[in-house]
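Okay, got some structures for you below.
In what follows, chain A forms one complex with chain B and a second complex with chain C.
Then we have the complex of A and B:
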């Protein structure tokens, strides 16, 4: 059902001072993961917002977005069944008082599809690859921990929302395996943009777009070395996650791995 | 002249959204803003100071605030003939009334954390535009389910996701306002009738379970089912509700309504 998006093109706009941004156009191809970095308040969220609403020089930044070299259809923005862009925001929670299974069925229905057991199982399985605390179908959504909620949202995005473009506004501090989470999202050939301060996420991408004072100032291609550093940082975080799980389960922590086995 | 009515429960983000909408519209249009509330508000002053547009405060006091809005609308329009757009913010206490008019645009600001859309009455079901606020607090999946549920109760509406903190969505709301029909010279009519005032408590009775109040309500309810609700005026009253009240007050016989006579 998802429309094939091969390319997003972003034409430059203006920064907070009304000056033209430091690029003419940015092209992002399907399967690419891009980090959006910069100080707090620099305009990262605005950049994602321009993409989400497929801006046509009608937002503060005056940026223009093309999909597959064309001005996007209006209905893509409005109809949830055709929604091209899905997003994960900073402070999201579940509010629905329902078991996980019933909730997933509802969402599949809202997406205009027929709920089937295989799809639901896949959502849970992939979510459980991201979180250390397993989720099952009978759990109530409201009882999920922060990490479980995040994991379920991400897996839902990858498997049910199937929008070809995914925007993530901060994902850190959530108690999830981030590298695995990004892998699940990108596997489906999607375009993923992450606004982040997290070094292991920012370096585990194809490019990073640097924003300051409301405008793009630089586009940096990630080097192989940077990717290695990202992998190492991730390894540290995942071992922290393991220790955290052991503490939760009442175990004694006897030792800590000091070196990453594989880079 | 365009008449725009914003309705929505307290705290849903009406005022925050209106601020951003004013910023969008101000360069091209002459605006007027009227804030309705029950007991107190300072919004009209803050908006006048910040955006330099004329505003007014209207406090309903003892009156039902939506009824009061309808009572005051003609006066506001009369006094602002030189304006392009009149923005009305209702007190937003009642899901039953909501003074949307057929000759203007009705915008319901709906807090996504406030429960299932099927619990709302005319405030949602009669809105031309539903502005969903606080979407960044919950998951993408629930946002999609929420949209789906809104369309179940109001198929014809346009849905915009807004954020009162960042101003997200205000551009789209402003666009709908620019494209709204002009009301010039037209007689204003409510989209949905206000309650019938057939119950004794509408008249200020404070004794609960008082037999006379109950009897009046039952008789009023029966009359409501007999009259055609066409407000044809053949009985000599402007509306069927006024006629019912006159019958209940023993001022007129119910057979004065030609439709009841036929039965």
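Then we have the complex of A and C:
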């Protein structure tokens, strides 16, 4: 059973010059998606790290994290089985020499669920909605491309993982349909935080937290217009992905579909 | 009476307005642009707000 996290509260700390951050507290509710943006080296990863550590003014930023308005139990921090927070980093890869089906069965069982064919099929189907290169159950994990691995990890997080909070560090450049990936995670009621430089991803969230010099400088609520712009950028990117896939398969490109058939 | 209309020259057919409409009043036309069903439209204006190309007008 997934721990019910209705709210994360982040109390401000200090930036790298020791100055108080430009907010008092940030509240994030279940089902919300938050982008963490800012220049390279600004402190985006530190922000995610503070959340992962459930910091209590014991990291260099001095931020404090509350879950459901309370200081989190120590055991949530120590016990990996509680799996409150799941992280996905750019460089992550499967290192297991197993067919996709066997891996999913093992993971489902490890999470105390029944590894029936329906659940396995759902994980694969949703992963295939995210990647343009179809994954099947017989493939070996080691043979998956970067995009296929990412897609499978995200679908696995949405459907099998019990963690209510998902931290993602940079999913761009992986050759996946990002809008769809976020949709799948949010539909499962997860809180998703993404550190990103990607415009379509940053605008496809509820809020974005702007970080500079190690501290939060601004919190921006996404407007409807920005959502529309994100949708349009995603549409172009998905068309690009389709062309990319056809090139990979050795096909000749005759036209580009400049029409959004799937909503 | 004023109503929401699509400027077909500006509409790129991206469909951002379709899922935003609370009354399912917007769909694709045969020319791959969107049209607003006047019967279903309750004039909430969300489509005009979300359109990246300002292709929806209220006039």
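In the analysis below, the second predicted complex is superposed on the first by the 252 of 263 C-alpha atoms of A that agree within 3 Å, B and C clash if a C-alpha of one lies under 4 Å from a C-alpha of the other, contacts with A are read in each partner's own complex, and residues count from 1 in each chain.
Just so it is clear, contacts are C-beta pairs under 8 Å (C-beta built on N, C-alpha and C of every residue); 3 or more make two chains touch, one makes a residue touch a chain.
Just so it is clear, the model here is predicted, and its values are computed rather than measured.
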First (chain B), second (chain C), both or neither touched by A:224: second
Between chain B and chain C, more extensive residue contact with chain A: B
First (chain B), second (chain C), both or neither touched by A:232: second
Touching partner for A:207 - first (chain B), second (chain C), both, neither: neither
Footprint overlap on chain A, comparing chain B with chain C: none
Chain A-touching residues of chain C, taken from the complex the two chains share: 12-20, 32, 46, 49-53
Chain C-touching residues of chain A, taken from the complex the two chains share: 223-225, 227-229, 231-232, 235, 258-260, 263
Residue ranges of chain A in contact with chain B within the complex: 45-46, 49, 53, 58-59, 78, 80, 83, 86-96, 103, 106-107, 109-111, 149, 153, 156-157, 160-161
Residues of chain B defined as touching chain A within the complex: 113, 135-142, 144-145, 147-149, 158-159, 166, 168, 171-172
